[in-house]
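In what comes next, chain A is part of two complexes: it sits with chain B in the first one and with chain C in the second one.
Up next, the complex of A and B:
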């Protein structure tokens, strides 16, 4: 079953537009949502939740249209947009006490387990938390009502490598039963390299790719070589070429790599894919 | 069942899993009808994506190393000794052809190749 489907989402602003954003996520998988600052990740996530009112497009959660069923849909949604930074003077336990009233399926034990896992003291006030602890607290709130679909905006940013690793492990155990899915945006692509099944890549308000991570990475190779090689190469096959004093580097479709004999061909990471693809107009 | 993944290998992760499990099945370390752990558990344990593990399992099934019982899981196929030997030879042939292409590229003759095998077989 598709836990999330986004179809033809459009939103126009004066200086930016989401154009025909479509992708979907089956149950039981992790999808990484990547793109530069300002590419439209947060706008897309907010449009999914109707926090931003899209000009066009349809959102379905667990097959149900979101429009008209917001309350029911939201029971199945866990959402964390950055760190909790509302009611700075309030204690964590007060905020949790308010949050739980919105969710019939709220599970106090799960909430307490997350507090423990994230080493959070719920007698503390929001303003006393570090940036990383605010993120952890907002995750604890998002995860404690047995949501089927988690929409997380930058859940790993601001966290140290050990906490990030712990979070990736948590994400994988959340989807282990095959009933939940996670869509999370991040700039830390190494986290996705580990756990993501799918990657959705947005550039300048448009979806450039939404597919299996492995197949996306297989589609491209890094090509490096001396400038002499670049001079005689078919540049139309090279993506985002960068020249420096001692040579060049670029991205190429895997099928095209045979056109560059003598070049150093290697696998690209997600980060490298972004760097080269984003350069290409 | 043992799986050790390399981050620096040029081989895709699913291929590494496939080859390691093949080897363990061919050598008889994984016995017939051994129940493989669920795909999602393997993914979590190895910190890799579910789809990657799925791909490795699919390849194992396609090559006849494992079979699936819907709702129960994946099991090591019962292979006769000669079938196991045959599959082992297939694996060897596949790798050897790639390696030989590399050595030929370096200009080694058949004779030189055989001499090198003799020389290094017992002393890797």
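Up next, the complex of A and C:
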């Protein structure tokens, strides 16, 4: 079952536009949403939630159109936009007391467990939390009402490596039952290497790829070699070529790697994929 | 709606919402333009919106499972509760004021009588009609909303007080606390109440439509 479907999403601003953004997420998977700053990740997530009013496109949550069913759709969503940066003077327990009222499936025990897991003291005020703790509080609220789909914007940013690793493990355990899915945007692609099943890559408001992570990584190879090799090479097959005093490095389609005999060919990481693909206009 | 109102009182409240209710005591001042006691409610409303903007209240609320329009409706209900509370709390002080005023009347403006409360509701109607849509056009420009609606309210008071002072017929009808006149002033109260309901409903409806288009 598709937990999320985004179809033909468009939003025009003076200096930026989301153009025909489409992708979908089945239940039981983690999808990483990647792209450089300003590529349109947050605008897409906000459009899904109707925080931003799209010019065109349709959003479906659990098969139900979001437009006209906003309240019902949101019941199935757990949302965390970075850290909790609202109500700085309010105590965490007061914010939770309000939030729980909106969700019939709110689970107090789950909330308390997350507080304990994230070492959060709910007597504290939001302003007393560090950036990382604000992210954790925001996640605790998003995870405590048995949401089927989690939309998380930069959930691991600002966290230390141990907390990030813990969170990645938590995400994996959350989808184990096969009923939930997670869409999360991040710049920290190493987190996605560990846990994502799918990758949706957005560049300049357009989706460049939305597919299984392994198949995406399998499509490309990193090519490195001396400058002399680059001079003879068919440059049309190279993506985002970088030249330096020791030689060159670029990305190439796996099928094209045979064109570069003598070059050092290796698997690319998601980060390298982003860097080279983004460099290619 | 009940949950959203709970959120308004638990998280979005501002101390002046409650503190300014005490300004009902101003109605005991023997010689005073009594509208002032009610202008402070407009200021408290502004503080609620301003604080909401600074604490990112709208974004928090928009992430909850509520329709975007309900965020506006809940805020309108909160403002109505603030305004009606101010009016209701002021009534006993208005009654007491007539009995203990050493002047026997209010030389500084209209008496705090039945018609006055109708005129206050008319003033709130004007404030709501302007403040809500101006704010929700952007969902952040509380200053502009206060400036325009505040100036309109001031003008309303000047005109209302001016007419009571300058036109003998209106003065005789409105500026009295005589028991027999209170019943005759009921149409002014009813008109103020009717205007208040109509204007607040229209302002809320328009604000919902405007807020739908706002990108948060």
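In this text, the second predicted complex is superposed on the first by the 281 of 281 C-alpha atoms of A that agree within 3 Å, B and C clash if a C-alpha of one lies under 4 Å from a C-alpha of the other, contacts with A are read in each partner's own complex, and residues count from 1 in each chain.
Rule of thumb we're sticking to: a residue touches a chain if its C-beta (ideal position, glycine included) is under 8 Å from a C-beta of that chain, and two chains touch if they have at least 3 such contacts.
Just so it is clear, the structure is predicted and the values come from calculations on it, not from any experiment.
The superposition on chain A brings chain B alongside chain C with room for both.
In the superposition on chain A, contact of A:222 is made with neither chain B nor chain C. Shared-chain residue A:207: touches no atom of chain B or chain C. Of the two partner chains, chain B is the only one that A:197 touches; chain C does not reach it.
Once the two structures are superposed, chain B and chain C can be ranked by residues of chain A touched, with C on top.
By the touch criterion stated above, A:177 is placed in contact with chain B alone, chain C being left untouched. By the touch criterion defined above, A:71 reaches chain C but does not reach chain B. With both structures placed on the common chain, the touch criterion links A:30 to chain B but leaves chain C unconnected. Contacts of A:169 after superposition: chain B is touched, whereas chain C is not reached.
Taken over all C-alpha pairs, chain B and chain C come no nearer than 29 Å in the superposed arrangement. The part of chain C that touches chain A in the complex is made up of residues 3, 6-7, 10-11, 55-57, 59-60, 62-68, 212-216. Taken in their complex, chain B has these residues touching chain A: 10, 12-14, 40-41, 43-44, 47-52, 55. The touching residues of chain A, when paired with chain C in their complex, are 46, 49-53, 70-72, 74-75, 77, 79, 81, 85-90, 94-95, 97-99, 101-103.
By the touch rule above, chain A contacts chain B in their complex via residues 28-30, 168-169, 172-173, 175-178, 194-198, 212-214, 218, 266-267.
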